[in-house]
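Following this message is one structure expressed as structure tokens.
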Amino acid sequence: MYGVTVRDHVMVAHSFEGEVFGPAQRLHGATYVVDATFRGPDLGPDGILVDIGRAADELRQVLAALNYRNLDDEDRFKGTNTSTEALARWVADELALRVPGFAGDGLLTGLVVTLHESHVAWASYERSL
Amino acid sequence: MYGVTVRDHVMVAHSFEGEVFGPAQRLHGATYVVDATFRGPDLGPDGILVDIGRAADELRQVLAALNYRNLDDEDRFKGTNTSTEALARWVADELALRVPGFAGDGLLTGLVVTLHESHVAWASYERSL
Amino acid sequence: MYGVTVRDHVMVAHSFEGEVFGPAQRLHGATYVVDATFRGPDLGPDGILVDIGRAADELRQVLAALNYRNLDDEDRFKGTNTSTEALARWVADELALRVPGFAGDGLLTGLVVTLHESHVAWASYERSL
Amino acid sequence: MYGVTVRDHVMVAHSFEGEVFGPAQRLHGATYVVDATFRGPDLGPDGILVDIGRAADELRQVLAALNYRNLDDEDRFKGTNTSTEALARWVADELALRVPGFAGDGLLTGLVVTLHESHVAWASYERSL
Amino acid sequence: MYGVTVRDHVMVAHSFEGEVFGPAQRLHGATYVVDATFRGPDLGPDGILVDIGRAADELRQVLAALNYRNLDDEDRFKGTNTSTEALARWVADELALRVPGFAGDGLLTGLVVTLHESHVAWASYERSL
Amino acid sequence: MYGVTVRDHVMVAHSFEGEVFGPAQRLHGATYVVDATFRGPDLGPDGILVDIGRAADELRQVLAALNYRNLDDEDRFKGTNTSTEALARWVADELALRVPGFAGDGLLTGLVVTLHESHVAWASYERSL
């Protein structure tokens, strides 16, 4: 099984609802360093699983919808806590929608997105394609 | 599948028994930078898999039993080599015992613990919960 | 010349005023991974420049005043852009005020604070003590 | 399941064939920081999965066949693009051939090799043993 | 004194002349992860030393002249070894020429460029502006 | 001013004397990831400040005197606390003694050694040559 990973980052504001979050219930923010890993069992005719440059572009486009925003004001996240793990899933699902447009037919079978919220904590979401 | 990882570290002394270890048969030591990843298929009602702060606290408590100690003197490791992979398992098993006390009921289904012994070597242990 | 560095992090929301900031004029946020380096020409009687544990505590206390906050609402930053370099200076100046309380008399002669805003950008402020 | 990882690096020149590669069709080069992870369900009699020093030696020997070379001139890669993912597989397969010579009988059941081509892109190949 | 650093990377092929270089006399290549640090004693009217986005753009433009190239074929490097330290100086000098075009008048007084050739070796060049 | 840095690591046991050290008064250990930076204003005739391979060899030889040892038993450290900053100085002074044997005449004018004791703490010693 092959995997190809590209890294980018996004800077957002948000707050959380629920006592478990303590001071993170206040409006604060985060830099998420985001790793997107594309997986598949075989390489395509050019000897690659996915074009790294194209994969990086797609990730950047997905993150652009979040970048420099207050997620509390975004309709797409209304009523949900934009936790690191929830955002990892959102990024993965958005990337999954884009896969048919940029990757070779059927080459990619899985996807993992990891969001690093600091040097000591990160979360990921893994799904099939 | 979601994953949430927290990082901490621990500093220990120990020695190894067996010719394979060469100079590491002498008493020496290590800083282990420790990553604990909790895994589960669904998020809880607050939109998180596990409280990152709580997970970090639990990891710190587990590591406190090792920190600033000579593992050769610890009864719990008598007769075993405290190799990086053996310690990764010990940390994972200790965390597993604590999961019912700090994580939502049934949310966590797996656990991976990685101990980095240097910038060029690390070991991990993965188990189900 | 010796230097001792401790690392911590802080998560904030803020916005910037000025066209140069483009989309960062919107309310957004950042995780700053913060390195504080204490410098001095000699070690104290215990053979250390500064107690690393104590230095880490002091840095954590300084960052606690920012953590999980919207810096736009903080009186201390009214009328200023809380750029990465400006925050680096603020942290350095706050640490400098605390140095007489936790460091050996006259041992520390300089201080550098670096704030990493992502894996591809960081800023620092260096001052004497 | 245990895993043990060692890291090394290799510096090569090469070029790619195919329009998808854009400017990378020109002769250029890369430093690959290479992680090799050995996996197995049990530890051997010495309490280790694999001797980390020996694993590092084997990885270094495999990489020596590539190091400081123009891969376009190497017969073993004639007619193929030496993409990061293709090289990850080549390194994994070479290591797999060596496993019987340096690892305990049957201890190792899987192998992952990751090649980091920069701080923002890497690729891996995972196989059973 | 303030400092602002941006990171990018570049992938090149080259060879070295001189017995000291051993196998690196063969055509090989490298990924250089490049950090450019701009320094100055004061912040400008917007509360920044330099626009991080603009600084990153300038660095990318400088590196574009090297990226995906065989430096042995570049006239600008004829007769010189493109060692890591020599390339660090070249990047620093190119950035210095650009500073008047993108930075506030007189704000920047120094520049450091660091090229990481692997996870275990890097070189830098520091100059005034 | 040029700088060339090489990285290696060393694993030791030791204990500290003095109440300030708290639990670190017990025998424990550390992995130190060690960076040695050589500095000088000019490059030599081969276009390098120092041979990176040779510099790495010298650092490895210096660290070999510490590796896999209990520093409490080493005569060279009798009566002193082998703090991170004290060890940084020791490594720097040992490297300085070796400089005439491996570096071009007069090229190197300064040296910085940094010992990382974990992902959140490190210390350095800087000296002229």
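We call the chains A, B, C, D, E and F, going by the order they appear; numbering starts again at 1 in every chain.
Following the convention adopted for this analysis, a residue touches a chain if its C-beta (ideal position, glycine included) is under 8 Å from a C-beta of that chain, and two chains touch if they have at least 3 such contacts.
Model, not experiment: these values are computed from the prediction.
Chain centre most remote from that of subunit A: F (centre = mean of CA atoms).
Where the sister copies subunit C and subunit F meet, the same residue numbers recur on both sides for under half of the interface positions.
The chain with its Cα centroid farthest from the Cα centroid of subunit E is B.
Here A-B and B-F were compared by C-beta pairs in contact; the pair with more is B-F.
One finds 27 Å separating the Cα centroids of subunit B and subunit D.
Centre-to-centre spacing of subunit C and subunit D amounts to 40 Å, using the average Cα coordinate of each chain. The residues of subunit D that reach two or more other chains are 7, 117, 119-120, listed in rising order.
For subunit F in complex with subunit C, the touching residues are 16-18, 20-22, 80-86, 88-89, 114, 117, 119-127. Against subunit A, the residues of subunit C that register as touching in their complex are 7, 9, 11-14, 23-24, 26-33, 67-70, 117-120. For subunit E in complex with subunit C, the touching residues are 1-8, 43, 46-49, 51-53, 56.
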